[in-house]
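Common to both upcoming complexes is chain A, partnered first by chain B, then by chain C.
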Partner chain A sequence: MISEGIVPLFVAIPLAGAFLIALLKRIKGISDTFGILASAGTFALSILFLLKMEAGQRVIYNIGNWGGFNEVLGKIVGIQLAVDGLTIFMLLIVNFVAFIVALYSVNYMTRYTQKWQFYCLFLLMLAGMNGVLITGDMFNLFVFIEIASLASYALVAFGTEKRELEASFKYAVMGGMASLLILMGVIFLYSYTGTLNMADMTGVLAGSQQPALMYLIFGLLLTGFGLKAAVVPFHAWLPDAHPSAPAPISAMLSGVLIKALGVYVIARVFFTIFGFPHQISIILMTLGAISMGVGALVALRQWDMKRLLAYSSISQVGYIMLGLGIGTPLGIMGALFHLFNHSIFKSLLFLDSGAVEYAAGTRNMKEMGGLSRKLPVTSGSTLVGAMSLAGIPPFAGFWSKLIIIIALVEANHMKLAAWAVLISIITIAYIVKVTRFAFLGALKDRFANIKEVPVLMRISLIVLALVCIFGGLLLIPEVRDTFLSPAVRVLISGTGGGAGS
Partner chain B sequence: MNAYMPYILCMILFCIGVYAILAKRNIIKIILGVVIAEYAVNLFLVLVAYKAGGRSAIFSETEVILPGAMVDPLPHALVLTSIVIGLATTAFLIALAIRLYGKYGTFDITRMRELRG
Partner chain C sequence: MSKEHDRGMSIIVKTVTRLTVGLILLYGIYIILHGHLTPGGGFAGGVIVALSFINLDLAFGGSISAKIFSKGSTAVVEALGAVMFLSLALIGMKYGGFFDNFLHPDGNAGQLVSAGIIPLENIAISLKVSAGLFGIFLTLIVLQKFESEKK
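What follows is the complex of A and B.
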């Protein structure tokens, strides 16, 4: 049994860390320490929740103790924070990646001035993302999305060069539009249901029929969250924003931000609140299939390592959307497992690209070559991440793609299954390009004197690589029951299927 | 005067904002577009709470006011939050615009060509 009083700590710890870093910035080393401590704290908390929660339990915390009105009025007043299986699953991923990224940044961010600002914004972004995951209130969701987004706009512009500023402006304008559409959708939902609480909303919507308004709300929310998740055709900002940010932030943005703010919220809103209507299933599958194709094909022609990885993110998020769109227990499990894998290997690859940039000073793959001799850890971990991304057995990425494809076949979507296989072959093509041009081949003279990256960066790369290799073990029934299945069950119960896996 | 008129005007305002974001080349005008769209959404939020002849949601000791005669107070609380968030976004965008002007010497978005292809 777990006390509901510690739920708000997921937001409070990073917020306090950000505040203290800004306050004590003059003390040397304080920003690194607090950045790592805060993210380690939230990671430890999410592990605690994973171990202590009983199956199917939902921990609810009423902010400001407004819960008492529930008995008097018969409806929920005030903001609720709710933690269930899906939330814990996401919290673990987000806080794990954040912790690794905080470790990595200690050395990497010495390239920039004003390190404390970096950690401050980083923790604000983490607080926003954790808030999005634990909140049970639609307007509160919007507020946390904005906190995370604003911090990420600023982090994209962190280098304050032409490229970064331009990317950040594009990202901020499109992200701002997305937020407005989300807010408008939330207002429509509120005026229709008369409540902002997600659980209440589910109840009101289940017993009502008003298709025209529902379609408008679907459109607004899907466009808004689609923009945040960078699903084609709303992806234009991502290939600029993700490569422009400092490498640890690219890892955070591609690894977890687009999932926490986009995919998770789409799953939460459309599965548990709207009960996953048939139209949404078709839309998600179509968008997913298009994203997979466009992302992979454009990634093939990129020469900038980080830009290639950014397009690859669009493609992989397409896989996740496709899996969610199937709506069967197996499809959802594949989607969530792929979400986990993608967070790990994409963060790893972005951190690797940062390590290459740190050591060799370039991101252009045409200029690289033969780096594996000089950077054994970086090239080794890149290879592991690349294999996982490409779906080579026994790496984790293989299993999740396999599950998605099997789920497609089971649900009788043969063409989509063939498409998913085809795209995974293209994935191999573009990721081989990275390993081939950057790490293999003859070493160029100008790289004769480069050194392997510092030890903290190496540790974070190795940890992520190990998770990539052994991630497949999550599918062992005993492990799956504590980590993956509760998350799947939350979404399944939303679709009205009830049975669960 | 149609009862739906305020909502329609509100949506027109939103469309003006979106038009400015999509069609204008000057960064400042794009930011103004974001601000206009934002205000349209805030206005919409207040309109949702409006009730013809409704009064503010404060109980009085001297006269009897039923909850049914009050406007919905919750969106009023929400709109304050939304305005503050809008302020932060706008401030950030303007700060970016200043830095961009410093780098390029122009506000014209079509002359900023670092990120093509």
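What follows is the complex of A and C.
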């Protein structure tokens, strides 16, 4: 058993860290310390939850002690926080990546001025993401999405050069549009069901005929969250925004933000609240297949290392959407496992691109070459991340792609399975380009004197690379039962299948 | 004529501003303190308080209000408001829950001092909003001066 009293701390700790950094910014080293402590604290809390939660348990927390009114009035009044298997799965990923990124930023962010503003915004973004994951209330979800998004707009513009400001403006306009659509969806949903609590909503919707209004709500929410997740027709902001941010933030945005705000919320809303209607399955699979193709093909043509990785993110989110869209237990497991893997290897690759920029001062792969001799840790970890992204057998990325493809074959989607295999071949092509042009070949003269990155950056790269190598072990039945299966079970029970995984 | 008429708007605007700016500030504080009884609250009241400072700058030109309330101190007050808000919520965890109203759980309708932590939270929000909004205004006019000097 676990005391539900600590659930709000997932939001309160990063918020307290952010505000204290803003208050005590003059003290030297305070922003580094608080940034690392706050993200380590939330990471420790999520491990505690993973170990202490019983199987199938759903922890409910009433904010403001409003729980007593629920029995008196016969309906849920205040805001509820809810933690279940899927939430813990996502909390662990988000807070782990955030902790690693906070470690990495200590040295990396010395390239910029006003470091305290960086950590302040970073912790606000973390608070927003954790809030999205733990909330059980539809409007509260919108509020936390806005907190995380607003912090990320500012972080994308952190360099305040012309290109960064332009990317941030584009991102803010598209993100604002997404928020508007989400808010309208929530309003219509509230007017139809008469409640904002997600569990209540599920009950009301399960016992009702679905009128035409529901299709409007589907459209609004799918477009809104699709914009946040950057699936293909809504992806235009991502290739500008993610490369423009400082490298640790690119890792956070590509690694966890588009998943917490986009993929997780789509899964939560369409699986557990709407019960996964058949149309949504088709839409998710179509969008996923298109994203995979477009992202991978455009990535082939890029020479900017971070821009290539950003397009690759679009492609890999397509895989996750495709897996979710199948709707079978195996498909969902593949999607969630790929979500985990993508968070790890894409953060790793973005941090690597930052390390190259830190050491060599360029992101253009045409100018690089032979860096593996000068940057052994960076090039080694890039190779591991690249192999995991490409799906080379012992690495974690292989297993998740394999599961998705098997699930497609099992569900009799042969053409999509062939498409997924084809795209993973293209993935190998563009990621080999990174390792070939950046790290292999002859060393150029201008790089003769560069040094390997500082020790904290190296540690974070090595930790992420190790997770990439041993991530496949999560599929061992004993490990799977504590980490992956509870998350899959939450989504399965939403589809009404209950077939068990 | 004295030097103060070199800058800013006409003497009519200045006189009216001089008469009303204190009232605007007081009205903002009233809105903040009565947030739990009447429409309004920390956010609306905080905006009015910030506007009273901005009003001074608009009428008299230059940066009169920045002498009263500098950009550095807006940042500190803003952070203080946020920390105060969060710590009130966290103290509640000792008494029963996050945001638990531990001071006065059963308020009397219409009475000013009976709502427990709600007025305190309103004050915290008003500090954050007024300092934040005024800080944004100061940043914008600094930016504008910078631009005009470049030309």
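Just so it is clear, the second predicted complex is superposed on the first by the 500 of 501 C-alpha atoms of A that agree within 3 Å, B and C clash if a C-alpha of one lies under 4 Å from a C-alpha of the other, contacts with A are read in each partner's own complex, and residues count from 1 in each chain.
Methods note: a contact is a pair of C-beta atoms (placed from the backbone, for glycine too) under 8 Å apart; a residue touches a chain by one contact, two chains touch by 3 or more.
This structure is a prediction, so every number in the text was calculated from the model and none was measured.
Enquirer: Tell me which partner A:Leu15 touches in the superposition: chain B (first), chain C (second), both or neither.
Expert: Second partner only.
Enquirer: Based on the superposed arrangement, let me know which partner A:Tyr153 touches: chain B (first), chain C (second), both, or neither?
Expert: First partner only, chain B.
Enquirer: Does chain B (first) or chain C (second) touch A:Lys162, or do both, or does neither?
Expert: First partner only, chain B.
Enquirer: So in the superposed three-chain picture, is A:Gly176 touching just chain B, just chain C, both, or none of them (first/second/both/neither)?
Expert: first
Enquirer: Given the touch rule stated above, what does A:Ser191 touch, chain B (first), chain C (second), both, or neither?
Expert: A:Ser191: touches chain B, not chain C.
Enquirer: If you stack the two complexes on chain A, which partner ends up touching A:Asp352: first (chain B), second (chain C), both, or neither?
Expert: A:Asp352 contacts neither chain B nor chain C.
Enquirer: Which chain, chain B or chain C, is in touch with more residues of chain A?
Expert: B
Enquirer: For A:Asp200, select first, second, both or neither according to whether it touches chain B, chain C, the two together, or no partner.
Expert: In the superposition, A:Asp200 contacts neither chain B nor chain C.
Enquirer: For A:Asn62, is the partner it touches chain B (first), chain C (second), both, or none of the two (neither)?
Expert: A:Asn62 contacts chain C only, not chain B.
Enquirer: What is the shared patch of chain A, the residues that chain B and chain C both contact?
Expert: none
Enquirer: Sort out for me which residues of chain C touch chain A in the complex.
Expert: 75-76, 78-80, 82-83, 86, 89-90, 92-93, 96-101
Enquirer: Over in the complex, which chain A residues touch chain C? Could you list them?
Expert: Contact set of chain A toward chain C: 5, 8, 12, 15-16, 19-20, 22-23, 61-65, 67.
Enquirer: Using the touch definition up top, name the residues of chain B that touch chain A in the complex.
Expert: So the residues of chain B in touch with chain A come to 14, 18, 21, 27, 30, 34, 37-38, 41, 44-45, 48, 74-75, 78, 81-82, 85, 88-89, 92-93, 96-97, 99-100, 103-104, 112, 114-115.
Enquirer: Going by the contact rule set out above, which residues of chain A touch chain B in the complex?
Expert: Contact set of chain A toward chain B: 139, 143, 146, 150, 153-154, 157, 160-163, 165-170, 172-173, 176-177, 179-180, 183-184, 187, 190-191, 196, 240, 244.
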